[in-house]
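Here chain A shows up in two complexes: once beside chain B, once beside chain C.
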Partner chain A sequence: MTATDDTAAWPRETAAAAPGTKGPRAGRSALAVQVVLWATVLVFCLVPLFLVLVISFGHKIEGAGWEWALTLENYQRFFVGANWPAESTSLYLGQLYWSMRYAVVAALLAVVTALPFTYLMTRQSRRAQAVWLVFLLATLSLSEVFIVMGWDIILSNNSGLPMLFAATGLTDWLKDTGWFDVLRDWGLANPRNVKFKPSEVATVLTLSYLVWPYAVILLYPALSRLDPSLAEAARTMGARPWTVARTVILPSVRLPLIGTTLLLFVFLLGAYVAITVFADPSQHTTAVSVYEHVRGSTLNAPFGAAQSVILLVTATAFLVLGQWLTRKSPRAA
Partner chain B sequence: MCALALKDIRKAYGDARAVDDVSIDFPQGELTALLGPSGCGKTTLLRMIAGLEVPTAGTITLGGRDITRLPAHSRKFGMVFQSFALFPHLSVRENVGYALTIAGTPRAEVMARADKLLDLVQLQGFADRRIGQLSGGQRQRVAIARALAQEPEVFLLDEPMSALDAKLREEMQVELRLLQQRLGITTIVVTHDQREAMTMADRIVVMSKGKVEQSGSPQQIYQWPATGFVAGFIGRANFMEGLAENGKIRVGDVLLTLPKPANFLNGAPVQLACRPEAIRLGTSEAANTVKGTITFVRDLGPVRDFHLDTPLGKLVAEQGADQGRNLKLGDTVPLSLPPEALRIYPRGIAESPMGMAAE
Partner chain C sequence: MIRLNRRNLLKQGSAAVGLAAASSVIGTPLIAQTRTLRVGSYGGYFENSFKEHVFPAFTAATGITVESVTQPNSTDWLVTMQQATAAGSVPTDISLYARDTMIKASRLGGLIKTLDLSKIPASANLDPYFVFDAGEGPLGVGAMSWFTAMVINPTEVTEPPASWAEFWDTSKYEASLGLSKNYNAQFMDITAATFFDGEATFATEEGILAIIAKVAELKPNVALWWSAESQMEQAMKNGDVIGGQYYLDVSNLMASEGFPIKPIFPKEGNPQDYGSWCLAALSDKDAEAAEFMNFSSDPATQALMSRKIGTAPLVAKDKTDLTDDEFGFVSGTPAIKPAYEAYLDKETFMKEAWDKMVAGV
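The block that comes next holds the complex of A and B.
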């Protein structure tokens, strides 16, 4: 069973329940519930989405606001630039690339580190597990701004880790051993000291940190259902701990792993605060660009809307890909 | 020759001792059943033999070599788990070949060996199935074949029949025993089912509260239970409480004779046990005869149980279907407890009387 299978079962169950209800009065009230549900979805979810879609075809008036239109100029600008075919730019495609790159790397990092943690957690006593879960759920209540601020201080050049590196002599040691040059190549040092801002490493770390509790909570059900005797059976057949992990545990939680990674990926596509604080402006993402066009200096809502739609389509494409991957698995049947 | 030997094995969880100074020798090629009620420490003992738990104290030796601290993956012990623990992401053949695959055996060789083992457990034609497509009995066969794939020195089975229905269970007991005898492999089966132990085992080790109560052949254990607990746990027994009196035993107003004078001080409290099938109904000339009133008749087909109120207390007598045809509810009949069928245990040291222990 996977998370996607569970959710897929929902509509079927509700649909099956409807014919079972007897009498015209019960039928009417069931219908009323349906109408209310659909109206809620329509007003709060589909209407805003539809508005964004419509605005993405709008026209920006230079020096003023925008007007309703049916033009593809915003999409053209995204893919090849506003002055195409005279000249073309891949600036916005580049931003989409960075969106996906950050999201993929951070999601994978979170899942890869959360998996062993969660596995060990499920081997603890019930009580210890409950304490951990409550703690992790509590950390979810921290806002992105709060978390980014904390990391900002830890990584800042004048008061955070770089200062600690210099004060403890670690910087000098790195210079002596030659690792300092390696860090410079990776963009993690200036000529004098290590620096983490701006850097891709800091961005990915913070994004990973943001979604890490989600990763644990999403992996927890599958891992806690895993029969411990499976690993024990493998051990009695000569499997060392790493072999057990590779041949028994990982394949058993393959589907939840794919599902979790996809969910975190989609969630991270929309990350904003961490990117603006930690990423180099040349490596900013589509989400940042959307915000700048809608609320920032240019006030170009139609282009912002077009970028939003493209981001949404990208996310959907990955979810469909995930569905396809899990369908392909014989265990999903 | 001793294949596997446990010496003073103990497993403590805090103050509680799951296994308390157990010493057992497992002879080469024999099937030993660890038998006891749930929570008696038999599974913990098996897990320590498998290397899945480390004993708090004591040593485990295999052919003279100390393997107490050897991790599970370094022991060549095949184990069948209660849940079978088959890998759902692998096919039947891949499950059976798992031990060989991770050991780096060439694929063709793994396949050939897996197919041979599947033949052995009569699962030809199931090699490409997935585990989810198998019945309980088939899963058990796969689990057995998988555990045998690495040609284990010791074969361990933890409650292997508990996931099967009653009919299949009896068939599999016979089949597993025949397979074990054919392979001549030292085998340890953990079970709480005395019929299972009696069917399969060369030797039964009865455990209770982390300790060994008795070990011996099934017949020895049945005929000469060493303690009241064993008498109640293996088969059924009528228990009576009495006091020693000049080599005989007084139960209420009745003085029961024994084949040879009991070695107890006068007035020592003792517990008597007598198998239901040993009680003779309707004969008044034998020793230890009392009169009893039939309060209930339980007709089981091949045998009938008579529940009786007697001066010795409530007793159950088992009779063959052709015996005591004329006896009916409310009849008062003479019954005798043959001296050689009486087992006597000190009271206060032995387990508290269990009354009619369930089968």
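The block that comes next holds the complex of A and C.
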């Protein structure tokens, strides 16, 4: 859908640019640029994607590798498992559910928290804004592995929050009041101390943290262009700050908000390290399963590819839905 | 002496294009006279120990220079080598493969070369089990062996378990153990040896499901299902878990550095796996590779690896000069032999059944 939009936009942009430039030479070079762009897209995006699609129809040979074939067994396995029809399993559908759930929740959390932060940031002096932006850009150089390692230490028994719980006597207090047994039932404690991993909260927090700088950087342009006089006018007419935020600021940045959420969502679908470290195996995602099948000892690339294709289709469906929401609401508003 | 900076390299490179095209190794004309061999081993401490202790000894003995190649592990590396072989140029001559990966490589075909044992006389020192032959000649010569051991945190677990069965006791180990998440990390072999008939139980799908159902009973005691080695290392150091399964050599190293970890040989024993040197099908270093495998099969080299890397020797202890203490550090009894054939022939079934159990669906 986005692709067709882009192609539709191309001629218009070149047409708009043409009067400013001169003659057929500019036209030829524009054409050359187009050719190069399309060739790049073809070689680096479409060919690998096509390969994944073709491999997903391959056949797995037990005890060895796989061979080219044209079978739907990998797709069937995704929905009912390898032992169908003797038995069926929702293992892989469950993983897809967790992929979507983590990506949606973590993206929303990041955007919802980044929005007020970015808004307040744009009200600072130019200099302060620059410092913040440089700082946030710098944090992007930290890889997922580093960030997960940091959070791992923060949540570890001898070095992080649990140690703080034990040292401050909070653990003993929990034990005395009986709350400790409740935490044990929830899987948030072992007989010795509280524990925060594996847990969904830790996973979502880490994922959100991972994409938070992107959220700020993506929201910044829209929020910094926001005319302060609009909010001031609303305030002079007696609107309370919350009403101003709800009726003036939010509607004017609605599109960038949805766009940012969708982008972070796509980015988070591929998260691997954070999931393997912080999520319980019952809450592992399709991305983890793809990796295990492609790189793991079974060498089952066809099933890994089939899972990737299904993940891609599901993600596209979510994006189309997001686009549809974006299109639909301006008329409503 | 030629200064090797980028500019020089480019100049030399353009001058030597013809030569480079022939040898396909840019930048090596200077040492073209020396015999070289590329040898893969698992990265980190393991590879460093090889570079520091084993390869220099080999070079001193044979004059062949070794270029060390980092392998992430056994199975990932097979994928890399598979793709590299298809592309026509491999990153190493000799790879280090665990037995299941080696069998898989032999079944895939066209990845590893048959070896001439007459050029590797020292391989007679090894138990025939460690010289792998899929029926068309030897494909791998045993390099070293390693155990996956029961480990505990001795400050938290004051009474070392005498049997693996004690890990199933929730009153002692609730949410406290670290086990591997991979279906073929040999916890099934441990369970089979503890509660069933060992390798024989793997013969039927019912047997395998029974083993997995027994592991499912252990789930309330598992705090960490680790997929990377470093996760378990951190969890033991951080006190997130107080026991589980981990590699004997790394455990002993951690213990000698003062971390609270103690490997144990319970009465059922620990699973023993081993790595083999395999020659890439595209390599033309047959002679050098034979010399390296011959050197590695020598009891003195086996003892050197046990001392410096912490792996168990593949030759009988009395052929080496290892002391009882040194041998106890790297090996132990009894050893549980993994059900390799079942892991290969029923891999899809076993992986999915195991994954379902771990995920609880």
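The rule is short, and it goes like this: the second predicted complex is superposed on the first by the 277 of 333 C-alpha atoms of A that agree within 3 Å, B and C clash if a C-alpha of one lies under 4 Å from a C-alpha of the other, contacts with A are read in each partner's own complex, and residues count from 1 in each chain.
Basically, a contact is a pair of C-beta atoms (placed from the backbone, for glycine too) under 8 Å apart; a residue touches a chain by one contact, two chains touch by 3 or more.
Keep in mind that what you see is a predicted model, and the values were worked out from it rather than measured.
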Q. With both structures lined up on chain A, is it a clash or a fit for chain B and chain C?
A. fit
Q | First, second, both or neither for A:L299, with chain B first and chain C second | A | second
Q) Using C-alpha centres in the superposed arrangement, which angle lies between chain B and chain C as seen from chain A, in steps of 10 degrees? A) 150
Q.
Per the contact definition in the header, classify A:V248: touching chain B only (first), chain C only (second), both, or neither.
A. first
(Q) Is A:P85 touching anything from chain B or chain C once the two structures are fitted on A? First, second, both or neither. (A) neither
Q.
After the superposition on A, what does A:S229 contact: first (chain B), second (chain C), both or neither?
A. first
Q) Which partner does A:A239 reach: the first (chain B), the second (chain C), both, or neither? A) first
**Q.** Touched partner set for A:S156, first chain B, second chain C, both or neither
**A.** second
Q. Which partner, chain B or chain C, is in contact with more residues of chain A?
A. C
Q) A:G178 contacts which: chain B (first), chain C (second), both, neither? A) neither
Q. Looking at the overlay, what does A:A64 touch: chain B (first), chain C (second), both, or neither?
A. second
Q.
So if I take every C-alpha atom in chain B and every one in chain C after superposing, what is the smallest distance between them in Å?
A. 47
Q: Would you mind listing the overlap between the chain B footprint and the chain C footprint on chain A?
A: none
Q) Which bits of chain A are touching chain B when the two form their complex? A) 227, 229-230, 232-240, 243, 247-248, 251-252, 254, 330-331
(Q) Quick check on the complex: what are the chain B residues that touch chain A? (A) 50-52, 71-79, 81-83, 85-90, 98-99, 102-103, 130, 146-147, 149-150, 156
Q. Inside the complex, what are the residues of chain A that reach chain C?
A. 60, 62-65, 81-83, 89-91, 94-95, 152-153, 156-159, 184, 187, 189-192, 195, 197-198, 276-277, 280-282, 284, 294-300
Q: State the interface residues of chain C toward chain A in the complex, per the touch definition above.
A: 75-76, 78-79, 82, 100-101, 103-104, 107-108, 156, 174-176, 181-182, 184, 223-225, 227-228, 231, 234, 237-240, 343-349, 351-352, 355-356, 358-361
